[in-house]
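Sharing a structure with you now.
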Amino acid sequence: MGIIVDKNIRAIVQGITGTQGSFHTQLMLKYGTRIDAGVTPGKGGTQIHGVPVYDTVEAALEEYSANASIIFVPAPFAADAALEALENRIETIIIITEHIPIKDAVNLMAYAKKVKATVIGPNTPGIITPKECKLGIMPAHIFKPGGTGMVSRSGTLTYEIAASLTRNSIGQSTCLGLGGDPITGLNFIDVLEAFEKDPQTKDVVLIGEIGGNLEELTAEYIAKENYRKPVVAFIAGRSAPPGKRMGHAGAIIMGKAGGAENKIEALKSAGVKVAEKPSDVARLLGKAC
Amino acid sequence: MKLFEYEAKTILAKYGIPTPIGGLATNVSQAREIATELKPPFVVKAQVLVAGRGKAGGILFSESIPEAGKAAEKLLNMRIKGIPVRSVWIEEKIQIEKELYLGITIDRVNRSHVAIASAVGGMAIEEIAAKAPEKVIKFLINPHYGFHSFHARQIARKMGYSGKQLVTLGKIFEKLYHVGMDYDAELIEMNPLAETFDGEFVAADARILIDNNALFRQQEYKKRLLEGESELTVQELEATRNNLAYVKLDGNIGVIGNGAGLVMATLDTIQYYGGKPANFLDVGGGATSERIATALDIVLSDSHVKALFINILGGITRCDEVARGILRAKEKVGVTKPMVIRLVGTNEEEGKRILTEAGIHVLESMEEAAQKVVEISKQ
Amino acid sequence: MGIIVDKNIRAIVQGITGTQGSFHTQLMLKYGTRIDAGVTPGKGGTQIHGVPVYDTVEAALEEYSANASIIFVPAPFAADAALEALENRIETIIIITEHIPIKDAVNLMAYAKKVKATVIGPNTPGIITPKECKLGIMPAHIFKPGGTGMVSRSGTLTYEIAASLTRNSIGQSTCLGLGGDPITGLNFIDVLEAFEKDPQTKDVVLIGEIGGNLEELTAEYIAKENYRKPVVAFIAGRSAPPGKRMGHAGAIIMGKAGGAENKIEALKSAGVKVAEKPSDVARLLGKAC
Amino acid sequence: MKLFEYEAKTILAKYGIPTPIGGLATNVSQAREIATELKPPFVVKAQVLVAGRGKAGGILFSESIPEAGKAAEKLLNMRIKGIPVRSVWIEEKIQIEKELYLGITIDRVNRSHVAIASAVGGMAIEEIAAKAPEKVIKFLINPHYGFHSFHARQIARKMGYSGKQLVTLGKIFEKLYHVGMDYDAELIEMNPLAETFDGEFVAADARILIDNNALFRQQEYKKRLLEGESELTVQELEATRNNLAYVKLDGNIGVIGNGAGLVMATLDTIQYYGGKPANFLDVGGGATSERIATALDIVLSDSHVKALFINILGGITRCDEVARGILRAKEKVGVTKPMVIRLVGTNEEEGKRILTEAGIHVLESMEEAAQKVVEISKQ
């Protein structure tokens, strides 16, 4: 169980012959993820870690009926790779690539919405349902199966907190990163809805950061919909001076909304417990349950 | 990447959007020459990228050519928020009856571009947006169907315009959209778009922010960015050249990490334990050892840095690569400042081995490491 | 009755203040067509023949709930005008304007398909259901109500044949021009399907011309679907030398398909009676019934 | 509007599609100069717009610079299908292993652009299309989602390519699409797209047809069209200048009508009664009296015309305007050739009155009028 990915996933890897694509394909295979084929235009007919490589998604799907694709293609071509997967009716797309041009991402997401596909990322560490399926670049050993769903805007910060949960014997149902680019396929609310429906998930960890108003909207949703599972949050960027860009466009403080204090306030009023340091999340989860 | 006002106005003019007639000068005689070609009164505007230029005295008005020369001289010898003014834009002053706002930016929640308009623009726009949001018209643009002049006319009508003015505004707004798309603008705005006493519209000020991720297809500006014409510190420039996300802060603990969220949380944790970060530096995903070495170079070149905190949680980034990068930087620049290194994740064992063998101590807990570096920074 | 337009049409006229728009609005009003409003950007607040003019379709629809629009807007802006009507949920669009750029027309038709709207034209004389509704520029007096449906790729040739039918006391259910531009909203098959369902229509006149393969496809459809009403056709361009462009891009002879002989052969084998001269259509209809 | 080969190749090259290196010459010394810059052997190609240039001897091969000069001289003194050769394109000859076809045009039935490709191109393409249509790959392009390189790669795979060649073909085809969209091409094709012995692809020949209806936004070519550089007769040029659809035919009855279908039916009817039309002229919808007068001017300037048949069925065209146009032309150019006029439809009464008062007889039946004009033409 868990959400979005489980044992039934049969994946292809787009950009499988690149350094990252190849490296993480090996790790995903080792984790037990079923990867049927890889796609790299121009490298069709070769093999990577025993996985056959095709020139096009269409060609791969003539041999295998994959239902997910994980994308490691360089930024200028990544949105096109995702469109290729979507047009070939793959329903779940995980885009690891970061720094996709906004215009390309906007086009892609509109298409994904039209065909009702799920896009995770871009600029995401991916998604893992521990011991069932890993489609991502997260270090696998820091996760263990359990009842806590995790959703995050940040990659490495997710690992930080997941590792801390695992050390405290709190297992995870599914962990996923929304992605750090300005336009992403999923937002917190989409994922919270999925966690609510998932019987394995008992409580949820939400990892936000400064910039934008996704956390505020999520707080509103939790309050309004009377969200039925306990939520613990951590917001990065308390110490950020206003107006400075911290890494990606997501991290611009805009007026009142977007700042850490505002987000923390909004979440607290919605009944969410907010951790001060990453390591506090595990403690608050204990209290939340 | 921010464009200068003169760059933005030149682009808008190329697309047929009315802008004030003007020219760019980097010295006083040039400024006078430009003024000779124009009709007084003039506006002389410092070309800097920092916000709040007007309030900082970066915009001067003058009635005559000699006055314009003096204004240019004054500005060219000025620093605005610490940034030296390298050029000024001299243009004919517009007789403004009313200031509007027209812009296009990204709506992250709706995953689309959004057209924004207000009949009350200029300095007041932010206040209006906060206090009377109903006066700001927002229109989500479907990327597959585009933004057409009729959309713009529907907006113009909501702004209270009709007749010829509505048609003109429609055309201007549609053109603004095309500029935005063609230049991969993350934000493009005319604020104010001036309505003159005879009912015409002129882009009195213009701002274009190009999506950094699309600079590969906006070569002209990418080049300009790297040529250092923009207002960057030595460290920021070096970071930009190497595609590293770097922000200068005012403390004394240099920070390097992978992933914006983790680096921010690292800064937060340093502050939580009473320390002061000197910078934000995110090496991003999958950094090679060269990249790590460059990052160390940049952070250590800041004389305020007293101690260094490297916080790596490997996913796509491999700890062995990071370890090699640290050694490489140590060899090359001879790191003498104290370093606290926290290294876990992908290829963690190999990374730790490399550093330990080189006599560098590695910690596993971020909070322990943060406490340690704060302690060192206070010695 | 008839197809597409009848007494229930409440129309707006886009481009109402132009010479043609104004002139034909008056004639349509005189014919009894209900025209609620006109739209010409920049002319809002005025009146034309007693019809109020608005700056935008949206503004017009705040006052009137129109369900059709007839467009006289100049070619560079006509596709945009049609999109404006479609985005404001008008379901039937008649585009009189000729020479719309192909790229614009392609975009427009894709959008119309998506929202399931009916587009007649561009470069059409419009549509008339005699004595009920005229949304077009055809001279009204040559039509009379009756049981013959007419569909044509040509404007004036339709008048020629309609006038001849009326002189021969053969009334019409609905007459419409598909439009002479390369890309049009409807094709013969769409209209034949509608005529088949319309109880008023007893037989159908189809007026084709050289160029393209619409007539051939229609012949195929008639034969394959066993079309249930008699069809009489006239094909213009028998005398055209191969390879010459006659007026609009529709009239390029391409290989075998596209030539008059080929079209006539195809239609005849599908059981369609084909007239040699325009005036023969009335005679053949008599025989067909 | 057809572009010359050299224009099409220049555009393709601008978009990064490989084309043979070459240059345009309008005289022999220019041709020699260009050849000096190139590596022999050369191809010298007459720049004319008529089809079948190759078979008509408009393409010559030469091994040396003097030979290239001679080839240019020969072509520049040649007429191809009656059209004088005004310029030649000299390029390096490509070593062709295989000829492919790649093109994008309009699919009228599906109301979309369609990408067309075949691994067997060149002169054989039409035969292939007729005899083995399964070898021609067609891909409908959704205008809202566009044509991407992966579409092109899917097509390249169906053409039998893989590896690096598939990637290259993908890029070339995607670029061709962008050219087509940017230039409002009704048809854009590379035929052949040559595969060389070292596996590269080069557009050995290229054809672009710009949508005439979009010329208003392709000003560069609109201007060129009107400057008469294309192969038009005096009458055709004058018609184009006035946006009238005119086609010269080889009979002696001048025909003017409104609506392509009606004019074609008029030609058919004339032929049915044993006459021979001298031209097709469609004044289009809503013609003004000036326009009618211009149409008369054009048709009457053809010395083969013995009699004139004006067939107007007014819808958007008003009969009174037509009548005034006829009188205007009569006054201005002094029409002496016999005219048969058929005039019905919008404002018919007023039109008839104007002509009748001027002593011109008007008929109501197209067939009666056709019979009459055929009779006159045979006198």
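Going in written order, the chains are labelled A, B, C and D, and every chain counts its residues from 1.
Please note the rule applied: contacts are C-beta pairs under 8 Å (C-beta built on N, C-alpha and C of every residue); 3 or more make two chains touch, one makes a residue touch a chain.
Quick caveat, the model's predicted, so the values are computed rather than measured.
*Asks:* Identify the chain pair with more contacting C-beta pairs: C-D or A-D.
*Replies:* Between the chain pairs C-D and A-D, C-D carries more contacts.
*Asks:* Chain A to chain C: how many Å between their CA centres?
*Replies:* Averaging C-alpha atoms per chain gives centres 52 Å apart.
*Asks:* Give, as an integer number of Å, the spacing between the C-alpha centres of chain D and chain C.
*Replies:* The separation of the two C-alpha centroids amounts to 27 Å.
*Asks:* Measure off the straight-line distance from the CA centroid of chain A to the CA centroid of chain D, and report it in whole Å.
*Replies:* Those two chain centres are 54 Å apart.
*Asks:* Among the residues of chain A, pick out those that touch two or more other chains and give their numbers.
*Replies:* Each of 111 in chain A touches at least two other chains.
*Asks:* Tell me, which residues of chain B touch at least two other chains?
*Replies:* 144-145
*Asks:* Linking chains that touch, what shape results: line, ring, star, complete or other?
*Replies:* Graph shape, chains as nodes and touching pairs as edges: none of the named types, so other.
*Asks:* Contact residues on chain D for chain C in the complex?
*Replies:* 51, 106, 108-109, 111-113, 126, 129-130, 142-144, 181, 184, 186, 211-214, 216-217, 245, 247, 249, 257-265, 267-272, 277, 280, 282, 284-286, 313-318, 344-346, 348, 366-367
*Asks:* Using the touch definition up top, name the residues of chain C that touch chain B in the complex.
*Replies:* Result: residues 41-45, 55-59, 77, 80-81, 83-84, 87, 111 of chain C touch chain B.
*Asks:* Using the touch rule from the top, collect the residues of chain D that touch chain B in their complex.
*Replies:* 144-145
*Asks:* Hey, which residues of chain B end up touching chain C in the complex?
*Replies:* Listed in rising order, the residues of chain B that touch chain C are 145, 148-150, 153-154, 157, 162-164, 166-167, 170.
*Asks:* Which residues of chain A touch chain B in the complex?
*Replies:* My answer: residues 19-20, 23-24, 27, 75-76, 96, 98-107, 109-111, 113, 125, 136-139, 142, 152-160, 163, 180-185, 187, 207, 209-210, 212-214, 217, 234, 236-241, 243-251, 255, 276-279.
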